[in-house]
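Below: one structure in structure tokens.
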């Protein structure tokens, strides 16, 4: 019982010297294991050092598996940890390696463990970087409703325009089906523009131009949403937690915009 | 007469249980019918299940036709509904299917019924999503004048630059006509960049570079316009309905910027 | 002398009925002549209606030439008009047609007359569109210094990175010279990405990734500049004409930021 | 000793007439030498004027070498200059030429001397351009923490998505290794979209669409960050040097957001 508590402080905590060392070591082991998987995927290196790569990767997998078991063992509420966001990421970091015994090729998905770095950064609390990432996170969270509305609108537009292009190009020139045409519409409206599918008929080019100009104008919308949030976050003015609008100065008990009760700091 | 009123409340209303159920059912039927049309357009699936797809699609078309007729029948002012924005969308959702009896291939345009989802979302009133979409809508509406001015300016620039490139590249390398060169200029200035038409001469590359850098700078304009509107909408400050400029605090009867009378809430 | 004055009021003025009619007629003649030049450039139409196109184009050219001469004749200070911005555009609208007698193909450049539409729009004073375009114009003018600094910085970055890529790719894979590599760097940093020139070596791809991520971050700079200006313009707050910073409320005689004298409206 | 001081005033200073002349001469010599290197890289010009280019380039190299030595000689603290930012740029401007005696092709890297122009601009103090570039610089510096957090997040996302695409596309269609797939993910998320690597499987296209839409939404983040900074810089309101948040009006000794001591100007 005593060891479990001590382990918990080292593995999950960051205030002790041992806890900090553990996190730093984890940081480097994760980076090393990700680099290894990347090198494995390069054909030239794989044929030369395949044996070594294979052994090293299993070494890392066993190491991360032990760490995962220790995290479950030491956590006061094991199930809470297992089903938490970071607990699932930890599981996803080792699962693909075991899965590769059944399904070849899936072990490359262990690269997902790179996401564990985000927690390590969070834990190391790199001063101002940490607070800035919180400001950014809050701004993104605050704009998540508007971004969702925007993405649904883009989806409806893209499905409609993709289908129209499918009919206009008559199923030729790469517009071989409606899902394919929707894929093209997404490539175009996001201004990525691979050029693997391209309109050939005059009418198709005319519609494509319309889509591009629409995309040009609406790319401004998410930018506007997030900019407004960041500006607000930076001004340090209080905002209503219900409707997100700025609260007026002075002591108030209810938001003047939506009528919900507010408590000002 | 009694049934007509009851039908109206179910079909157009959303406050009764039956009205909500109807909208939810409609939501899923629309999604199912759109997925069906998408699957029909995939060559492999069509050859295997063509018969089934054909029957199902006519089933959906008849269903939506009945719904359309009921909407006209139950509405207190049928013509107002028929020529309203949503009435036209409803008509466009069934028309292509009947048109396909005359003109093959057009039935794929029934995908347009995906736009009906926008109304269903509006009707279901998904709490905060609804109010956020209204904020976005207002900001876009408020900036529509500026966006129009911007798009006209882009059009003039694109026509001029496209023609210059047609002369510079001498009608070769894909710049086969002025409309084609304008199409290229739109692809370039919106930063889509398919790469299907590309300048080959040194002078052409120089002009193309200029257009890209211009596009780089002016993509900022619609963003600036919409950001300013969203920021204003979020600040909750009153704005003049005539010139769009922010009104000063205090009780005023006329906008200090354009002199038009204003009523503050 | 009397006729000269009357002509001036009709051609340059917009307050009389005749002046408005003249501008409206000009609007449609310009659009017709531009459409004609576009149709001329399409190979299929040219072979069929070449003779007709040729005659019509000379008709338009003579019409615009007469208008140009009348403008010079009726203007109180002819030279001021000839060397003004719009005077030069007017000249450029007819010059290419006469030039085509010596240099074949240049008559397509008469499309430049599309820019004359900008003046016509300005003259027709389309209510709110006009005032919005002025707001936009002011915001762009106010940010012109910052945009220039930004473009010079982009130019230095693009020249440096283009040269580095030329050395890295060893003059192969389309990076055949430094100007060509700079052209590639512009395509990449503006996120146009045609794909006609693409790095092939591993080191080249690494550098290209860096350039893309740099471009991703700095595309935000012009947007930020213009957004800040538009926001300021819309707030209707007074700004110092010397340093562009916002002036505090109250009666002041000197800008508190740069010390230059200011006069508040 | 007297000459050293005089040299210092001419080379590093800008207030004397000789100092200004020196900087102006330097400006043109740098531009000429960069144009020379560019012309050298063009195959056609090189074969015709190779001898001349070679001689001229060594002339410029010797000139810049003498200038560099004089800068070291005249500076009161030579080592401080050598290891300063501009001192290193000055060294990098001549080093590649000497390196080319050992490693062929590297002399093209002397183009780096174009960066020296940035200092010359700084020195010439072009009035408002100078102050605007300082405003921009401050805004970028103030947002450097947030931009770093954002770039690290993008890096983690790009590594994860690139690996997933490698597994999805099964190492075919150009997704030949994880680093290559990451390169593709960067091309896609930055909306550059060359089209040299493109998903072919249906699942791959679905994931690619997701990445594009994610890229579409998050391109808004750096824009929002920088816009907020520029807006703040332009408003001329004081900000806490520790947390970057806006300070309230009135005489205060501590930042009300982070508690650090502040001194208001």
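Think of it as A, B, C and D in the order they're written, each chain with its own count starting at 1.
Convention: a contact is a pair of C-beta atoms (placed from the backbone, for glycine too) under 8 Å apart; a residue touches a chain by one contact, two chains touch by 3 or more.
All values reported here derive from a predicted model rather than from experimental measurement.
Peer 1: For the interfaces A-C and A-B, which has the higher count of C-beta pairs in contact?
Peer 2: Taking the two pairs in turn, the one with more contacts turns out to be A-B.
Peer 1: Find the pair in A-D, B-D or A-C that has over half of its contact pairs, by residue number, in common with C-D.
Peer 2: So the equivalent interface, with over half the same contact pairs, is A-D.
Peer 1: Copies subunit B, subunit C: same or different interface, half of numbers shared as the threshold?
Peer 2: Different-residue interface.
Peer 1: Approximately how many whole Å separate the CA-defined centres of subunit A and subunit C?
Peer 2: 40
Peer 1: Nearest whole angstrom, what separates the Cα centre of subunit A from the Cα centre of subunit B?
Peer 2: 28
Peer 1: Listing for subunit A: what residues touch at least two other chains?
Peer 2: 150, 179, 191-195, 219, 223-225, 227, 231
Peer 1: Which bits of subunit D are touching subunit A when the two form their complex?
Peer 2: 145-146, 148-150, 152-153, 156, 159-160, 163-164, 166-167, 170-171, 176-179, 188, 191-195, 198, 202, 205, 208-209, 212-213, 215-217, 219-221, 223-225, 227-228, 231-232, 243-246, 257
Peer 1: Where on subunit D is subunit B touching in the complex?
Peer 2: Checking each residue of subunit D against subunit B gives 191-195, 223, 227.
Peer 1: Can you name the residues of subunit B that touch subunit A in the complex?
Peer 2: Its residues touching subunit A are 34, 37-38, 41-43, 105-106, 108-109, 111-112, 114-115, 117-118, 121, 128-129, 131-133, 135-136, 139-140, 147, 150-151, 154, 179-180, 183, 186-187, 189-196, 219, 222-223, 225-227, 229-231, 234-236.
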